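Single-structure report; data block below.
Naming follows writing order (A, B, C and D), and every chain is counted from residue 1.
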Amino acid sequence: MPWSRPEMAERLAREFQDGWIVNLGVGMPTLIADVDLGGKEIVFHAENGVIGFGPVAPEGQEDIHLVDASRRYITLPPGGAIVHHADSFALIRSGRIDVTVLGSYEAAANRDFANWKVKGAKGGVIGGAMDLAACAKNVFLMMEHRTRDGAPRLLAQCALPVTARGVVKLVITELGLFEPTGTAFRVRDLAPGVTMDELRAATAAPVTE
Amino acid sequence: MPWSRPEMAERLAREFQDGWIVNLGVGMPTLIADVDLGGKEIVFHAENGVIGFGPVAPEGQEDIHLVDASRRYITLPPGGAIVHHADSFALIRSGRIDVTVLGSYEAAANRDFANWKVKGAKGGVIGGAMDLAACAKNVFLMMEHRTRDGAPRLLAQCALPVTARGVVKLVITELGLFEPTGTAFRVRDLAPGVTMDELRAATAAPVTE
Amino acid sequence: MARRSKIVADFDAAVQGIEDGSTIAFGGFALPGSPFNLIAALLRQGAKRLVCVGNTTGGPRKPRNPDIGMLVENGQVAKVICSFTAGSRASDVLPFTPYYERGEVDAETVPQGTLAERLRAAGAGIPAFYTPAGVGTEIAEGRETRVINGREYLLEYALPCDVALLRAYQADEAGNLRFRRAQRNFGPIMAMAAKLVIVEVEEPILPVGAIDPDDVHTPGILVHRLVHIPPAPAAIWPTLKETR
Amino acid sequence: MARRSKIVADFDAAVQGIEDGSTIAFGGFALPGSPFNLIAALLRQGAKRLVCVGNTTGGPRKPRNPDIGMLVENGQVAKVICSFTAGSRASDVLPFTPYYERGEVDAETVPQGTLAERLRAAGAGIPAFYTPAGVGTEIAEGRETRVINGREYLLEYALPCDVALLRAYQADEAGNLRFRRAQRNFGPIMAMAAKLVIVEVEEPILPVGAIDPDDVHTPGILVHRLVHIPPAPAAIWPTLKETR
C-alpha cells in the first residue's frame, strides 16, 4: 500500500539531523511542518523571511501578517525572527539551509530535477526554487511517482527544463524513498507492500537495491 | 582676516539646499552639525549608519552607544533611524547623499582631491571617503589652504594619491570659498580682508574671479 | 531633521504623477505587504506602458484583490518582471497568461532570490553581481557566466525602479516604516531600489519620534508619500478567506 | 526551534577552538560594537597567523582597550584587512604601523563601503560584485574594471570569515541579537559573513521569546556563542573618557 502524504512527510523528516535548518517549498513539503520531530531541534525557514516557524495556525487564530511560502497561515513560536527578502535569500545562497524539501514534476537519476516549467508553457513558476536548489546543502524532493496519466516522473534524465543540475540527494514518493546515484535510483525504503517489480514498472530509470 | 573654523562651517552650510541629506566626514566637517541652519530642513547622515543626527551631546549627557564618523558623542533627535554598515553605504553608493563634506590634504583645479594617503606612508586612511567621493551628488571639501610649512594645498593637479577623480564641486578654506573649474579655482567668496594677491600667492593653481 | 509631513490625503493623491513607461515595484508576498489600495488607485490613474516588478502577477483566486494582473487587463502594462509568470498548479490559468501568450505583454521570469538581490543591488549602488541561482538552466542560456573559486556563476544586473508601491504596518510622519511579521518581505529592498516610494499604512500615522531609531525597518529618507488606510469599505482590507 | 542555550561560561570558553590561520572579523566602529572582552580572551588564547578584518587596527589613544593592534604586538597576526591602516592624523603613529613597515604583518586597505559590501556579499552567497568606489585611484591599479551603462566599476570579491567577534546590547538564548544605536555598524553583516559567530552581550541574556521577531537585528541561526559581560572590573566596560 503506497504511503499517504502525511506518511511521506513523516518518513522524510526522519532523514533530518538534529539542529538542521530546514526550508520547505510550496505545496506537499509544507506538510512536514506538522510532523512530530521527537527530540530533534529543527528550525524551519520560509523563503519570505520567516525563521523558526511552527505548525499551521488553528482555525480562528490566524495572524493575517504571517504566512509561509505556500500562503498558509502559520505560527511563530518563541525564538523566531523575521528578515526581509534579500536577507532571506542571503541565508539561502550562503549555504545556511541544511536541507530544502521541494515539490517536483520530474526527478532524474543524474540528480537533476525539473519543477518550474510545464510542457508548452510560456511562463514559469520559479519562485525560490532555483536559489534553494543551487545553494542548500541538501536538496530533497517530495513528489508523486507518476503523473495523473500514469507516466513516470522518475527518469534517467529530465524531459522538462531543469531547475538545477546534479543536486538531488533524496526523493520520496508514495512508493518509497530513493537516492539518485548518477545512473539509477537506489532504494532506501519502500512503502509497505510495494514490490521491486511494481517500482520498476513505475520508474523510467534503472532502480537498484 | 581668515575665517575661523566655525565661520567656514557656517559659510559652507549656506550652500546646502533645503531638504538635503548631508554626510559629514571625519574632522573639520563635523563642525557643520553645530551650525544654525535657519529654516532649512537638513538630514545628517553618518557613515556608521546614523541617520538624522543632531549636535554633539552636552557634557554629562553623552550616550556611549551613539557616535558619528569622527567618534564624537552626538544626539539623535526624533525621527532618526539606525541602519547597519552595508545599508549605510547602500544609501551612499545609490546616490541618496546630496552632499558629502570631506576634509582633504589636497584639492585640485581639475576637481580631483587627495585625502587618504600622506607622502611616504605605507598604510592609508580611506575610511568611507572613496565611496562618498565616488557616489555623493555633490562633494564639498573643507580644509586648510596651506600645510603647516606654508605649502599650498590647492593645486593644478594632486601630488598625493587621489581619493576620486573629477568630483569636487566646492572647496572652502580659511581664505575663501572656491569652485574648481577644471583648469582654475573660481572665487565664490573671500574671507574678510583677504586679497586676490594673497590668495594667488597661497594657491598653486590659476585663480579666477 | 524632516519636519514636513509626508502624509498625503488619499490613495489617488498618492499615485499622482506616476508617468507612462515607469518601472514600478509592487511589494508583497501573498497578502502580507501587498499595496491593494495603491494598485486600485493606479488602475484609476491610468498610467500606461508600465514595467511591473513583483513576486507574482497575481493568482487565479477569487474574489480578486487588485494586482498586476488587473493592470494588465486594464491595458496599462508593457512588461512584468516576476518570479512567477504562470500558475503554481499546471491547471491554474492566470488572468495575465492570455495577454502574455498573445504577445501583448512581455515577461521576464527571474529566480526569487535573484529578483530580491537585483532590487537590493539597485538600492545599494551595485550595478551587477554574480549568483549561482539558475546556472545550467534555460534562464542562463546565452547569458554571461564566470567561474569564481571553481564554481560557475551567472552575471545579474541591478533592477532600479522609478516607483515602489508598498504596504506597511506603522509609519511616522518622517516616513520611518515598520512592517509586521511576513509583511516585511520585499518592502525594505523595494524602498531602496525606487526613486519614489509610496506606502499605504495600516495603523494611524505616528508623530515623528514615536518609533525608536533601533526599531525602524526602512529609514524615512527613502520614503516620500504615506497614506493611512481607512476602515473598510472605504479601503481594501482583505480577509483571511479572500487570500487563502 | 532551538531549545539548546548558546550561552558559554566566560570569554575564554567563548574563543576556545579558534584555529591558527583563521580569518576573524572584529565588530565595532570606534567604541560601539567593539568586542573588547573577546579580544582580550583571544590575546590569552594565542591563535597565530590570523587574518584580522575590521574598520581599523585600533587607534593611538591611551589608555588602550584591546584591539587588532594588540594582537599584532602579541605576534598573532599575519594580515589585516581594514579601511584605516594608518592614523587619521599624519602625526599619529599606530601601534600596528612599525610591524607593517617592517613587513612583519601584511595589510589590505579597503574603502569602508567596499569592506562592508564584501562582508555582506560573503554572507549572501554573492562571490563578486561591481562598485564605483576606488575607480581611478591607486587601489584600482592592475585590477579588473568593467563599464556598465557608461560608468566604470571595480570588481570586488566576497570576504568570507571563519569567525566573527561581536558586541551586542541584547540577546536571547536562541542567539537573536539586538544592537543599540551606532553599536549596530558591522555587527549584522559580520554575523552573516562568518561561520562561527561569538558575541559579548551587555544586558543579561534574555529567555527565548523575550525579543519580538520583528525587532531582531541578527537572527539567532547565525549566532553560535553568547557571553554576558559581567560588571567591571571583572570585564572591560570602557568609559566615555577612554574612548574619546
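Here is the rule we use: a residue touches a chain if its C-beta (ideal position, glycine included) is under 8 Å from a C-beta of that chain, and two chains touch if they have at least 3 such contacts.
Everything quoted here is computed from the prediction, not taken from an experiment.
Considering every other chain in turn, the ones in contact with both subunit A and subunit B prove to be C, D. In terms of their C-alpha centroids, the spacing between subunit C and subunit D amounts to 34 Å. Note on chain placement: the centre of subunit B and the centre of subunit D lie 27 Å apart, centres being C-alpha means.
Averaging C-alpha coordinates per chain places the centre of subunit B 37 Å away from that of subunit C. Those residues of subunit D in touch with two or more other chains are numbered 117, 120, 124-126, 131-132, 179-181, 184, 213-214, 217. Residue positions 76, 82-83, 86, 89, 92-93, 135 of subunit B are each in touch with at least two other chains.
Under the touch rule stated earlier, the contacting chain pairs are A-C, A-D, B-C, B-D, C-D. Considering their complex, residues 19, 21, 41-45, 51-52, 76-83, 86-87, 89-96, 135 of subunit B touch subunit C. Residues of subunit D touching subunit C in their complex: 117, 121, 124-132, 146, 148-149, 151, 153, 157, 178-181, 184, 213-215, 217. Interface of subunit D with subunit B (complex): residues 29-32, 83-88, 90, 94, 96-97, 100-101, 107, 109-114, 116-117, 119-120, 131-139, 169, 179-189, 217, 238, 240, 243-244. Chain contact summary for the complex, subunit A toward subunit C: residues 26-27, 46-50, 62-68, 71, 73, 76, 82-86, 88-89, 92-93, 117-118, 121-131, 134-135, 161-165. Against subunit B, in their complex, subunit C makes its touches with residues 1-4, 120, 122-126, 172-174, 176, 192, 208-209, 213-214, 216, 219-222.
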